[in-house]
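Pasting a structure below so you can have a look.
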Amino acid sequence: MFAFMETPPILPLQASEFARQYDLLFWYTMAVTMTGGAVVYALLIYCCFRFAKRSEADRPMRILGSTKLELIWTVIPLFFFLSFFVWGVRVWDYAINPPKEASDREYFAVGKQWMWKVQDPEGLRHINELTVKVDTPMKMTGTSEDVIHDFGIPAFRSKFDVVPGRYTAAWYIPRFTDKAKGGIETHHLFCDQYCGQGHSQMVGKVHVLSAENYENWQAGIFRSTDKKKPVDGSPAWQGRILFHKLQCNGCHFNQQVGDPSPKAPSLEMIAGTVREMADGKRFTADDQYIYNAIRNPSMHIRTGWQAIMPAFHIGLATENDLYNLTQYIKSLRNGDLPYRTDKSPAPIGGAPKSSQGTAPAPATKEGGK
Amino acid sequence: MTTDNATVPETSYGPVAHHFNNMGQQHATVRLGMWLFLVTEILFFGAAFVAYTAYRIWYPKDFEAGSAALNAGIASVNTFLLLISSLTVTLAIRCAYVGNRKGLIRNLILTTLLGTVFLGLKAREYQLDYVEGLIPGNVALTKEAAENVLRARADNPNLVVNNFNENLKVVLKHNGFQGVPGKDYDPSRVQLFFMFYYGITGLHVLHMVIGLGLLSWQIVLAMMGFFDFKSRYIYVETLSLYWHFVDMVWMFVLPLLYLCGPHTFGQAVEQFKLAIGLGSGSGH
Amino acid sequence: MTTPTNSSERHADEFLSHTVPPTSTTLTVFAALVGLAMLALLIGFSELGPIKVLASLGCATVQACVLGYFFMELKQADKLTWLVVASGFFFTGIQFVFTLTDYLTRHLGVL
Amino acid sequence: MTATETQTETIRVATTTPGPLDYTPQMVPPPEPTDAEDATRKNYLNYDYSLFGWLFTLDHKRIALMYLAAVSVFFLFGAIAAGLIRTNLITPTGAILELDQYNKAFTAHGTIMLFLFLIPVIPGVLGNFLIPLMVGAKDMAFPKLNLASFYVWFFGALFFVYQLLVGGLDTGWTLYPPYSSKYSHTNVLYAGLGIFITGFSSILTAINIIATVHKMRCPGMTWGRLPLFVWAMYATSIIQLLGTPVLAVTVVMLAIERLFGVGIFDPSIGGDPLLFQHMFWFYSHPAVYIMILPGMGVINEVLTCFSRKNIFGYKAVAWSSVGIALVGFLVWGHHMFLAGQGYYLSMVFALLTMLVAVPSAIKVFNWTATLYGGVITFSAPMIFALGFILLFTVGGLTGLFLGTLGSDIHLHDTYFVIAHFHYTMVGGMMFAWQAGLHFWWPKITGRLYSDFWSRLAAIVMLVGFALTFLPQFVVGYLGMPRRYPNYPPEFQIYNVLSTAAAYVQGLGYAMPIFYLTASLFFGKKAGNNPYRATGLEWQTNSPPEPHNFPETPTVYFQPYEYGVKDGLSVVEKLNSGTKSDGAQTKTVGATSDH
């Protein structure tokens, strides 16, 4: 279907402080050059009509030149060109000199064929996604693992090559445009320096969040991306595959579809919350808690639930698997849990034999009693 | 209207090419053409030296270390060989100018010989580097190359086949270079120096080979009596311009590559004797 | 009457005016060159430290100038030839200056 | 020489000028051959029909025709690649090509169009054909070198063709390491070899042209009387001479790096990828002037002839060419503003970039002023020339956005850049090439082509081209990166428009093939000087003799003396102390040779 049936954009959004400064320069240059071009075009068209040959009797004038005129159209353009230069240097100077608060809030981007690995100041890593807080100065430092890439955000009018073996940087103050809705606005992130086959695949999204949305996003409550499930090779994604393989969703399934008999607590949005134990203890659901809950479930039994979950010892889940599972569980948002295994068979390769024994189905009967 | 060059009995100087009006114009044009070509050569080697200098500024110590691993002896001798060849080719012009065919042929042959000896020594130098395993990068050695290294190993058990960094340490130690690898110099940076060493000397050798080809061609022409027309000394002169330029390039290659590291005169002599097989061979 | 701008007439006498110097001159120049080469090697084998590079390069420059002026006949070359040679070195110099400026100033004012 | 000498000469000749002309040729034109004479006359085409006589000819005119044939074929290749690119961009996900196919397509388009079309086309064809004619010489200074440079170039071109056949190249024509040295699995080495060899050829051509202009000028052909096309070619040759060797070394280093796995631009051993960019752009920025200056030269000839005017400000136009050539070497860093070069160096380069823009502006204004007060006829070459000015103005002005430090940040590597340099390279050089080809076609072949079809083709090309690249300015400012086979869907409409216009443009390029070929068989005899032009090349027979002129010509007048009844009135003007007299004698007196 033709995407341009919707009205196409004419001008890029002004989503950063720099974009506003930049566009002033751009439109100044545009105005001057348009005027200059218009003058040339006007002269050309005038001459072409006024002096077009009409009869054999026409005789041309004999003009060899005029130093005065030439001086005029040497000096005047030069003056404007230099004005471009001066203004350009001022914009450039702004672009390369971040204020202190920007330098203090440093994001880090690693380009590799063909993805961007972005780490925010809190240390969270994302693939092809940059999530920033609006009106907050920030600095973006970049480098490359292989070839030269270019970290470009048109809406910010910002762009810089990331070079292997070196650090290069830019800085922004993200702003909302009038198109922003719901405290979030999303822009394109491009790789502008040709980097091989997947060059045009090396694109991402930049999410500008309002301060409060940003807090929630960090807390894991707010989803900046409309992607239903992570499919980017991140640990969480691996964890999701394991979650199906190990049939975890046999018990920890999605309860929003009104399944009558939940056999295990939902795992959605537990990260960082305080969990009540049957023995009265209270735990914050951090990585360690989730780790223990899988390796050795009997350590913590939540109030209102039976100890029916088998322990996933090292033979069933390596440390790496555990890490991935933990990441996945932490990433779970409302409605992210998969449905019951019998309702939705494991999508990746089905349930392996080894995990059959761990299928909690038989245990649930006793649990039910 | 061309009264002034009517006085020149051009026929005695040999024919003028069809598209020139007189011999003077032809000579001026040929000279200009050669000089224009030499300008491109200046830019050619200039660019290589620019790249060299950039890294020399970044890694002075590493480049000195690299230079210390080179054979200054052969380089010094080669310098004089080229100088003498410059002399002989200049004498050749004179001979052509005064119409001395024997002298012309003799001088041209001398120049060719000197150039060939230069290349021979250069080849020996490369071969020694090869035996010492100073090949940067991960180039797999051929069978006989590996055998060479093994033979060299008999004297020097520390040489490792195709491991630049290790071999470099051995060679530098043998050359008495004071400097701790990793601290004073970084072997992998020295690889960079060696890329330039092979690159620049290789380009220079290429120019020598072309020059020798042209020289031998002119020897044949001289034997056929092509230069018996006095005016044709211009072609010898044009070739000499090229040859002098190659010499000039070497004048800068010598300090930039060979002499930038710590070398001593005795060491150079030792290296040269080794190269031509008179050396004690200690350490090789 | 001839037009001075006629290339052929302008160069008509060049063939006669342009001479090849006698062997004696050549030998003198050669001696000088050998001396300079020895000087260059002397500097190269000495312990001058950082100045060594500049010294030996300076020596090489003098050597090249002598070679060019006498052996390569710049002595009797016309203005045009000088201009050609000069432009060659000038633009190499341009490349040196700008490229090396980058390497010497790149660390300044980095974000 | 003093002005009075010139005047006395001019008087002597002017009185012998045959018949009343409404223009003053630079030399006394020989009488036109009658049809009978023309039938038996030996010209450079018919004096020898043997294959050997063509392949090993030393005649600059025949070599020019060999260039013409080869260059046209390579242009076809490049155009096909362009067609693939544009077609692929119709849909956001790529209509016809896989990702790597697309990369190979745009690389082929770039390399072929630059190294095998834009750089050799005007120096190789028009330069070779016209410079000896224009300076009144029998041939180039070094005919053998001239032939050699063609075969060297062709040999190098074969490497490009070969690497296309064995799988192509996907690095883009800029060949940036480390991608080209380590990561690309395509034929970088063959392409590098091709670049090296073709570069060697353009060096030889440059040497030949400079030597010819300096040493081969006929009596009376002062520097002040050289046609401006010769000045432009002279400036171009200076650039080729000084720039190409650097590219050669750069390619050699790249080859070393790729062959031996460890190299000079390799960060892992402390190398610096930017060094390649420095050395590459030291050649490749001046190279864009190699591609545009000859075009500017052609425009001078065509504009003056079809507006029947002296060029406005001969000296300004002539020296601006040389100025562009020299200052063009000081601005390469503006390709590297965002590549991580020193910030302060970037500022220096930005300043110099603003300076190099001035000579181009001067030229455009002088061309416009040249039209003023003329008698303009809109035949095909003129339409092409006017199109050149229209398009080159846009191209040049948009270049200012990219040369300015601040505004380059956003536009760098977007379609804005693509549109900019296509407006200069295609809108400039391609249109100048068409103008020149159409202008001198009667001299080259001795035949006239169809007036109607040629004008139509000119207009189709003009409209098609302008519409192809205008949308790309918009989509570039929106941020669409170059070299993207897939792009966000909201950019689709601009790409569809661009592609549609590109097909029109392609149609325009196809048309000359037919009517020019037809003119060879059905065209009217052109006669020596169908446009009543003043240049030496128009005074000799067409097609010219093997050695160009019946006897060595003597030049008495400036070029572009269109504006006078006949030679006599020039002399009156020269003798009377009018204002133009001052200008005149000043120009004529400019005989300083360097």
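Order as written gives the chain letters A, B, C and D; numbering starts at 1 within each chain.
The definition used in the following text is that contacts are C-beta pairs under 8 Å (C-beta built on N, C-alpha and C of every residue); 3 or more make two chains touch, one makes a residue touch a chain.
Quick caveat: nothing in here was measured; it's all calculated off a predicted structure.
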item: Smallest count of steps, each to a touching chain, taking chain A to chain D; value: 1
item: More contacts between chains, B-D or C-D; value: B-D
item: Separation of chain C from chain D, taking each centre as the mean of its C-alpha atoms, in whole Å; value: 34
item: Distance from the mean Cα position of chain D to that of chain B, given in whole angstrom; value: 38
item: Between chain A and chain B, centroid-to-centroid distance (C-alpha), Å; value: 56
item: Of all residues in chain C, the ones touching two or more other chains; value: 1-2, 6-9, 11, 80, 87-88, 91, 95, 99, 104, 109-110
item: Contacts with 2+ other chains: residues of chain A; value: 96, 168
item: Residues within chain D bordering two or more other chains; value: 214-216, 219, 242, 246, 268, 272, 274-275, 279, 282, 340, 343
item: Chain C to chain B touching residues, read off their complex; value: 1-2, 6-9, 11-16, 18, 20-23, 26-27, 30, 33-34, 37, 40-41, 43-45, 47, 52-53, 56-57, 59-60, 63-64, 67-68, 71-73, 77-78, 80-81, 84-85, 87-89, 91-92, 95-96, 99-100, 103-104
item: Touch list for chain B against partner chain D, complex; value: 1, 18-19, 21, 25, 28-29, 32-33, 36-37, 39-41, 43-48, 50-51, 54-55, 58-59, 62, 136-139, 186, 188-189, 191-192, 195-196, 198-199, 203
item: Contacting residues of chain C [partner chain D, same complex]; value: 1-11, 79-80, 83, 87-88, 91, 94-95, 98-99, 101-102, 104-106, 108-110
item: Contacting residues of chain A [partner chain D, same complex]; value: 2-4, 6, 8-12, 22, 25-26, 29-30, 33, 36-37, 40-41, 43-44, 47-48, 51-53, 58-67, 69-70, 73-74, 77-78, 81-82, 84-85, 87-92, 95-96, 113, 146-148, 150, 152, 154-155, 157-161, 163-166, 168, 188, 190-201, 203
item: Residues of chain D touching chain B in the complex; value: 137-143, 145, 203, 206-208, 210-211, 214-216, 219, 241-246, 248-250, 252-253, 256-257, 260-264, 268-272, 275, 279, 282, 547, 552
